[in-house]
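What follows is a set of notes on a single structure, which appears directly below.
Chain lettering (A, B, C and D) follows the sequence in which the chains are written, and residue indices restart at 1 in each chain.
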Amino acid sequence: MSSGILGWAKIFLTLNFVQNTLLKLYHTKILAKAKISITVNRNHGKNAMSQNAPESQDSHTTRHAVAKLDARLGQMVKVLDHGFVRVIDYMGDDNAVVQAARVSYGRGTKTASDDQALINYLMRHHHNTPFEMCVIKFHIKLPIFVARQWIRHRTASVNEYSARYSIMGNDYYVPERKELKPQSLSNRQGRDGNIHDEDAKEIEKLLQSRSQQAYDDYQKLLNEDSDGNEINHNRHGLSRELARMVLPLNYYTEWYWSCNLHNLLHFLQLRLDAHAQYEIRVYAEVMYDVVKDWVPMTAAAFEKFRKEAINLSKDMLTALFMLVKAQPSDVIAYLEQNNTYSLSKREIREVANIYARETHGNI
Amino acid sequence: MSSGILGWAKIFLTLNFVQNTLLKLYHTKILAKAKISITVNRNHGKNAMSQNAPESQDSHTTRHAVAKLDARLGQMVKVLDHGFVRVIDYMGDDNAVVQAARVSYGRGTKTASDDQALINYLMRHHHNTPFEMCVIKFHIKLPIFVARQWIRHRTASVNEYSARYSIMGNDYYVPERKELKPQSLSNRQGRDGNIHDEDAKEIEKLLQSRSQQAYDDYQKLLNEDSDGNEINHNRHGLSRELARMVLPLNYYTEWYWSCNLHNLLHFLQLRLDAHAQYEIRVYAEVMYDVVKDWVPMTAAAFEKFRKEAINLSKDMLTALFMLVKAQPSDVIAYLEQNNTYSLSKREIREVANIYARETHGNI
Amino acid sequence: MSSGILGWAKIFLTLNFVQNTLLKLYHTKILAKAKISITVNRNHGKNAMSQNAPESQDSHTTRHAVAKLDARLGQMVKVLDHGFVRVIDYMGDDNAVVQAARVSYGRGTKTASDDQALINYLMRHHHNTPFEMCVIKFHIKLPIFVARQWIRHRTASVNEYSARYSIMGNDYYVPERKELKPQSLSNRQGRDGNIHDEDAKEIEKLLQSRSQQAYDDYQKLLNEDSDGNEINHNRHGLSRELARMVLPLNYYTEWYWSCNLHNLLHFLQLRLDAHAQYEIRVYAEVMYDVVKDWVPMTAAAFEKFRKEAINLSKDMLTALFMLVKAQPSDVIAYLEQNNTYSLSKREIREVANIYARETHGNI
Amino acid sequence: MSSGILGWAKIFLTLNFVQNTLLKLYHTKILAKAKISITVNRNHGKNAMSQNAPESQDSHTTRHAVAKLDARLGQMVKVLDHGFVRVIDYMGDDNAVVQAARVSYGRGTKTASDDQALINYLMRHHHNTPFEMCVIKFHIKLPIFVARQWIRHRTASVNEYSARYSIMGNDYYVPERKELKPQSLSNRQGRDGNIHDEDAKEIEKLLQSRSQQAYDDYQKLLNEDSDGNEINHNRHGLSRELARMVLPLNYYTEWYWSCNLHNLLHFLQLRLDAHAQYEIRVYAEVMYDVVKDWVPMTAAAFEKFRKEAINLSKDMLTALFMLVKAQPSDVIAYLEQNNTYSLSKREIREVANIYARETHGNI
């Protein structure tokens, strides 16, 4: 490295130092203070919500950053045979969720509770707006039939590669042989079981040859080869917006897809589900990994109260309770003594209350 | 007709009579009264917006209906070679727009103005919410590549035929020969010019044979013929969610599509445009015909202030004005004497004001 | 009634007869046929979703109507001391939900199942889009502090009475004395317990006198009395957009509010909840009554799988299961013999599966 | 500063150095390369949109930052007497708009054009989705009557200070005396003209005393003084959710408000307008200043093609053209010679075409 660059680097470092030191201070001392101030019981006659906000006293000049997500920025994670997911940019973190929730659900009136508990509460009771304060932008490459399912989630912003303006690449999806399955007998929309290996090989061969043939047709219609040269000088190519019609649904497209955290979790809830088609589920899994790095507390709450939650009708639960012989009064004691699942006191009380209410008509 | 049915019909008629007479009265006498009451200048100290509303005094028991649109309900209008558009249901009419606008933009404070002028004002100044009070539901059959453009309009409700649950029909789009055009040289996304008839025939043949071949592949993969019989008893068919991958983008799909009037007009604004792809424009044209039958006053305002409006930057307009030699003071007189375009007085005044402001810096 | 009107009525009745007879036939014979056709197992090679649709063969010329809701149209249901809710218009019914679901979730591939079961399935598994095919429009009068909570539901269309254009009416909310409660000790956002009657009387008096005083101030600022006469000829009134500032949050406003059924149910889920503020809950209750008249099957499914559903984290449920000593194999038998809650076979199987999975790690 | 902190700072600086150097390189050399690659005419047979993207080869580990906006983060800009606007966080910049547009509107098929021209094109032709790739989050303090107008923009995320959970602060809006104006005679919703100074003083006094009285009532109802002490030990306070009812609409509330750039510009378009109420316009003006610092190219395009654009019906424009005597063929020459407004060649051609089409029926 030349000394010229070093000189520049020094100035650069100095500026960075000021910036980052401020940021560090903000994250430690001042934020701690902000948490202490949460215990203050009343704040009227004062400047409502901005009074205790750390930013109001010590304006910081850098955005919040999440190191683990920063480390992922721009990196492609391969999905299927030619697809990928990569994070381009984001705004906010777990802290932004907490900050927004404290505004709406009261700071002045509560004792200090830890952020995870607050996020759990928001998640469990579907108080969704604080999660909208975080936004993420992905660049995704995916087969068209997957894109058609995906786009049904309307609460995202999308910019897709346009086959009216540009020529599609020659990338098509052929499933791994083990993924070639017959129609499920129990699930009307899914696949299950196995296809004989010989048959699977034939299917694979068919998919490959037809996809390639379609691309050859595409180029022939455009009258243009892969190097951009005219194929036949004596005829016009067909316009791109029409030529694309011959490409089958397993061809890949690409898009930028931006979504807030609330809507992203809704997407994941549906697409991580075992009934989602495998080809979209694998994308959801990669994106869920991203979410865990980005907002670990939110991801933990989501895991517990959405992804793994069990939603029963009142009647179904009550029917199950008929199998429990215990008195309501014994339930709390029992759960406390056998707390294999590390339930919080609040959760134990809530479980016991539901049991008491549904079986003995009182709480 | 048997007397039993006649007896039933009598009861039926009686009920209808009561219902419809009320409706008729509502539409004539009482509604007229409501309009007169609009001229009343102040209404405070009273029951604000509900005071003069006709419904508050004479509750009617039938929804507003638009005869011209009712006559269309369920009727298929053919689009392209195998597509169609048909109206299934709707809510509201021009009157609902006016009713909503009067609530927001004041009734008590204005002299009677006719509904068309009010709708024009709303349209011109992008006061969109009153148009949201009308909703329409279509059943549409369209090629997949068109559906992919269409679905980008996110503010609609859609239920699409699912190729995971059901088997796709053997309907594919092949353009008429005159629509097979080369890439436009002036418009990067469109098509323009002509292809030699011999070449067009060949393209048509290719599209047809490849589409049919794809459907044969589809059935082979499903291992099921058109009558639902297994083709080969010795092997499993591939699941529907995978087999569909071989179908090209010119295959037809179907959906129910519901949208409020404001968002429908935005859709039409973009898709009636000369730069929209022909294959979506023809759908927009059929839907626009429906809109004209449904809400004729709104359609007229849309035609004038959106579809045919010209949006210029201030600089572009001012540059044009340099070509006009007239004094601002002469403009109104000139426009009034040469009012070829039937501008309203308000419009003439507005045009003159813009001219005066942009050329002489005053109004 | 004069004979002239009678003559007119006859023509009118004849037209109605044709229209309604068609409608009746449609609803009975033809719709029945449509349901039978649902059992047909495959429809490829044919015109996919439109093939069996009744409308394609017998286009009807009237919209679906729900008699019970029609009977409510325009009728005001009083809420609080001066508020109301009334239905103005709507589109769709339970049948529209089923129709949309059958498109997406397959008709060709299922045996006939009754509509209620299908709607239950949609509700339970959050397949929301079919519910978007129904829309309703209300006219509502409500206190401003309630309107501020309500408007946070963004997925509705609203036209509110504008206090910039018009003069607000002199209607303000004073709670009944029994609703004047202290801050809840267990619920940080709610109220609970009782206030001494003497204190309540005083509060009531204060609310009344201050509200009336505010309206007097409002008129004084506007310089206009209740009859629209200038109060003081020697001064200008303040503009309406500023004068309104003196009105307190208990003043009533009005709006048209239109929403699809999916979003309406979400609104009701949150606002029927015991933790919702009483003053918005009473509106939700009236609207829920409307929903029961409008779409009774959807309302039943909502009651069971949303309103009364119990959402537990996996850990909470598993903890409860520790109290059940039964073997998984005994659960189905037990539930079938003690089916106090009329669970369907599917529900019993599901309950048993959850129990088996969570307690014995297998199903 | 202690040496311990210095040691920590060194490690910190080193990490920063690596990170930022990469960023700098990315912004200069590599991004330049990316732009050059834009001129490549065709890219089929290759990895479509990701092929030339700089991130695919040189994954960077820092988000894009806008120095001018970073400098504003957390800083309060005062608005009205007690309100403020401050930026908390953001995602994206002009570059993100261009990046998204290039995906949708084609990169392979265009020669290099500068980013401003592309952004102008997007803005003018309402290609809005690329602007959705930028998001910003504000913290805002504003009077309730302003919040009620503001919240009608539904496409934003909001977390508002809750008066059910917390006690409102004693901040209310009293307009400056010069802003106390009578109802406009020309604009039914606005204010215009002047109020005698004596009258204005009286209004000011009334607003102040009534607002203060309302807060005294509020505390009395809550039974709690400004220090959080009970006022009267012998009675219960009224719950917060009810006590707030006595506060008038000029009291301040606060919220976090997050919005993408497209929807923010729509908000600004409406709220910067001369017809918007002064009290919301002043917020819009501060936010527009933020936008200019954040995305200067987008702001310039917005200024030209939205904020200052003139939207005329075809008839209005044609009527104006009647005053122009020039031949269409002379218009281009004239505009080129008198190009006072620095129109681009494309704009001149477009103006001339509109003139020719509307006056002589051809282009």
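Heads up, the rule we're going with is that contacts are C-beta pairs under 8 Å (C-beta built on N, C-alpha and C of every residue); 3 or more make two chains touch, one makes a residue touch a chain.
All figures in this text were calculated on a predicted structure; none of them were measured in a lab.
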Neighbouring chains common to chain A and chain D, by label: B, C
Far-end chain from chain A, centres as C-alpha averages: B
Inter-chain centre distance, chain C versus chain D - centres from mean C-alpha coordinates, in Å: 35
Distance between the centres, which are taken as Cα means, of chain C and chain A, whole angstrom: 30
Multi-partner residues of chain A (at least 2 other chains): 105-106, 109, 129, 152, 158, 162, 165, 188-189
Residue numbers on chain A that touch chain C, as the complex places them: 105-106, 109-110, 124, 126, 129, 152, 188-189, 270, 304-305, 308-326, 331, 334-335, 338-343, 347-348, 350-351, 354-355
In the complex with chain B, residue positions of chain C that touch it: 9, 12-13, 16-17, 20-21, 41-50, 53, 55-56, 58-65, 70-71, 73-76, 84, 86, 88-92, 96, 99-101, 103-109, 129-130, 132-133, 135, 137, 139, 141, 157-162, 165-171, 219, 224, 226-228, 252-256, 258, 260
Residues on chain A engaged by chain B in the complex (per definition of touch): 143-145, 147-148, 151-152, 154-155, 158, 162, 164-165, 173, 175, 179-184, 188-196, 199, 203, 206-207, 210, 213-214, 217, 220-221, 235-242, 244-250, 277
